[in-house]
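Here come two complexes built around chain A, the first alongside chain B, the second alongside chain C.
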Partner chain A sequence: MNMFLHELKAYRNSTIIWSLGLIAIVVLFLSLYPSFSRDAEEFMKVLEGFPEELRKAIGLSFETLATLLGFFSYSFLYIKLSGAVQAMNLGLSIISKETRDKTADFLLTKPVTRTQVITSKLFAALTSLVFTNLAFLASVMVMASFVKTEDFSEQALLMVSVTLLFIQLIFLSLGIMIAVLIPRIKSVISISLGTVFTFFILGMISSSTADKGLRYLTPFNYFDNQYIIRTLEYEGEFIFIGISIIFTAVLASYWIYGKKDVHSV
Partner chain B sequence: MSVIEISNLTKLYGNSRGISDVSFNVEEGEIFGFIGPNGAGKSTTIRTLLSLIYPTSGSAKIFGKDVVKYAPEIKRDIGYLPSEVFYYDNMKVIDLLKYSASFYKKDCTRRIKELSEILELDLNRKIEDLSLGNKKKVGIVQGLLHEPKLIILDEPTSGLDPLMQQKFFDLLEKENKKGVTILFSSHILSEVQRLCDRVAIIKEGKIVQVDRISTLKENNYKKFKIETKTEVDFRAFDVAGVNQIEIKANTISFIFRGNINSILKKISEIEIANLWIEEPTLEEIFMHFYKKEE
Partner chain C sequence: MNIVIRELQATRKSLIIWCVGVLFMVFAGMGKYAGMTGTGQTINELMAEMPESLQAIMGSGGFDLTKAIGYYGLLFLYLAMMATIHAVMLGANIVSKEERDKTAEFLLVKPISRGKVITLKLTASLINLVTFNLVTLVSSIVMVQRYAQGEAVSGDIGLLMIGMFFLQLLFLVVGTAIAAIIKRPKRAASISTGVLLLTFILSIAINLNDKLGILKFITPFKYYEAEQILNEGLDPAYLTISIILITVLTAITYQSYKKKDLNI
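Up next is the complex of A and B:
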């Protein structure tokens, strides 16, 4: 419990800043909605000039863009991107900082098992992400009710928004696993940005082509917003893949961390 | 009873050398010195004892329990101080110490206060603002606050001024009187000689010798350097106990082992310009050890 609280405190400021950042994106995007929906037709004409692949890649869908849900889904692409960076950063740094700051000796000469160390860090990271998501969800719901021009399905909005946490969990577990695998990480942000953007670009390529296979490769596309809005359901197959990735990465992290040598500085 | 039992411990790092076939025991209540030059494998041995790294072969027991299998349990009663201390920079000293104490199921408040008063450590400063010596003090308090039964020190004196070093040694001796066992690794022979009952000497990953310090003291090594006014026939120093004699123009240096009076008499026979008598470095003693083996 002491390690959990220590980690939680260590990441308190970063969690608050990321939450505020996501809220700012939500507020910014959704506050554009009223003026956008007023001139929706004009926009559509402009957008028609864009190549279809590009529109698909950045998640623009003509049928729904004029609705609040459609507009939100579009902006959600960028929220997912920031959220993934946050989660990956957190996972990488919460493990690797002990080696980077050379505090591993301090922690691991205490009467704790390595499993307890990972568990505490994992739960602290989870708590931090859940907090971020609660702040994000609240801001989405509040902003949506402010800017709506007509009634919309709150359930669909919630279901789309909740996928942020799921994507974050995937990136968190990947981050933790990478941090356990690489002996010394000098710069967390370069690894997290690199990984996240690779998946993001893969996601854009996957969206713009109809290639179904590519979709399995990038967690960004495990949730098809149009599908969720239409059916009010998630695609079970991708939920399963997502959960499998999380479990594999977390279990591998426990296993590797338990066995590895902690070298002196 | 042996507090530490190391048997045939080997740790290889890929191609580079770690330690090989290290065996020795540390008995309850003794201060055991562990000496060797840098890179000899002192830290590797200690880190294996603390299960920070895992042995390639062989095993070690602390309090009769295997160090890998019972690591968390054993560590409840171990205090560890590394040569370089690193803590969470943005924490205050008191918060770090409280965090450290929170790992042990006992109230350490009184002990923290006591230790920091002895060492004159300001508890309200941030770790990142501390000097090397003050960080070291945090390390000492951190290692002793839970009143461990075994204290493991890995070259602990670096960064401490002589006065603090003295206080630190006094602290250790006080703990030792209470029955605490201490494993003290160092490359400085004098501090090991001062403090320890027995020593293990390690070189190139292997234990060269395990001996009582009193035996080593009988082998009273001194390093002599003499500057003479005129050129001297070095055969004058060709007496028992003189080793590694080196002559450069008007200076003669050698390692001497034996009755110090006899060599001083020899020196008094010649006209000297200057004289240095020093503790030989460990390496110089080692050379002696190896010469004997050959």
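Up next is the complex of A and C:
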């Protein structure tokens, strides 16, 4: 419990800053919605003048995009990006800082097992992410009710927003696993940005080309916002893959950390 | 000179990884172009009618996607993003790592001035940036030419890469300036990337709403947009702003580092 509280305290400021950052992004993007929806209406009129086949081709995806939910899904891409960086940073640093700050022997000579160490750290990280997500969800709901031009499905909005937590958990577990694998990490942010942006760019390529195979590779695309909005369901297959990744990474971390040669000096 | 060689060695591995990354990006990105040719001219006309905010969301921008170079314009944003992340982290790390790794004393008791340390570190970073830029330039020309069906593309790509180079320089000195000013060396890289993400997200928000247009002077990503460079060339006003910013930030780096109370 002491370790848990200590970690919570150590990450209090960074959690608050990240939460405020995400709220700022939400406020910034959603406050642009009213003018966007005016643009969209005008464009609908322009669209009338074009041939019917074309209208069908572009209109379907367009109509979903022009709604508040569609607009939010678009901004959500960048929220996911920031959220993933936060989670990955947290996972990497919470484990690797002991070696980097030379506090590993202080911690590991205490009468606690390594399993307990990881468990407390894991729960502290989890608490920090859950807090961030609650702040994020609240800001989304409040902003959405301010800027809405017509009624929208709150359930869909909530379901899309909640996927942030899930993506963060995937990146958190990846971060923890990488941190136990690498003997000494000098700079956390280089590794986390590298990993997150690789997945992000893969995700962009995958969604702009609708490549089926690539989608499995990047957690950013495990949740298809359009699909969620349309059916109010998640895709079971990808939930399963996500949970498997989290479990494998966490179990591997426990196992490796249990017998790892920790650099203490 | 020793410092330059030392820094080049220290950054070699990460530079190679970044270059492989950008090569992959160019090859994978342009490779996808082959699969999406023939969307037709009508789409282009329609896109032209679309308000800018909608174009931003549809992800097409003002590019002529029937041409290879137009498609490359789409890709350019991601290349620029990679290049600037590389630059800003390089700048922040190359200055702050001496304090972080507790090698600052070792370095600064050598018979060279602090100003010279910065000069040499900047030189090493510059070589890194140029290498990154050249790798992107050459791979882009090769790949785009392959799909361009005989059109000349080298000139356009060259212009885009000049723009990207300015972005790289700008973010390099953003990184070094932050690392030189800040008291806690471990924060340098996080704060620099924070600035980068902030300006990036701001540039997207500006695309969504004209009223934010005035803010475009704050975010360098708006200085060098592929759409504008391809259609109108580099804007002298933005070039001037970039040069002024680069000079000021370099001066700040030197001044702050000279006066810095090192954290040992």
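The rule is simple: the second predicted complex is superposed on the first by the 243 of 265 C-alpha atoms of A that agree within 3 Å, B and C clash if a C-alpha of one lies under 4 Å from a C-alpha of the other, contacts with A are read in each partner's own complex, and residues count from 1 in each chain.
By our rule, contacts are C-beta pairs under 8 Å (C-beta built on N, C-alpha and C of every residue); 3 or more make two chains touch, one makes a residue touch a chain.
As the structure is a computational prediction, the values presented were derived from the model and not from experiment.
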If touched residues of chain A are counted for chain B and for chain C, the larger one: C
A:Phe4 touches, of chain B and chain C: first, second, both or neither? neither
Chain B versus chain C as contact partner of A:Leu28, first or second or both or neither: second
Partner chain in contact with A:Ile189 - chain B first, chain C second, else both or neither: second
Partner chain in contact with A:Phe131 - chain B first, chain C second, else both or neither: neither
Which of chain B and chain C A:Asp261 touches, first, second, both or neither: first
Chain B versus chain C as contact partner of A:Phe123, first or second or both or neither: neither
First, second, both or neither for A:Phe152, with chain B first and chain C second: neither
Footprint of chain A on chain B - complex, ascending: 43, 47, 50, 52-54, 71-76, 78, 80, 82, 84-89, 99-100, 102-104, 142
Chain C to chain A touching residues, read off their complex: 14, 17, 21, 25, 28-29, 32, 35-36, 42-43, 46, 49-51, 53-54, 57-59, 74, 78, 81-82, 85, 89, 93, 97, 100-101, 189-190, 193, 197, 201, 204-205, 208-212
Contacting residues of chain A [partner chain B, same complex]: 2, 6, 10, 101-106, 108-113, 116, 259, 261-265
Contact set on chain A toward chain C in their complex: 25, 28-29, 32, 35-36, 39-40, 42-43, 46-47, 50-51, 54, 58, 62, 65-66, 70-71, 74, 78, 82, 85, 89, 186-187, 189-190, 193-194, 197-198, 201, 204-205, 208-209, 211
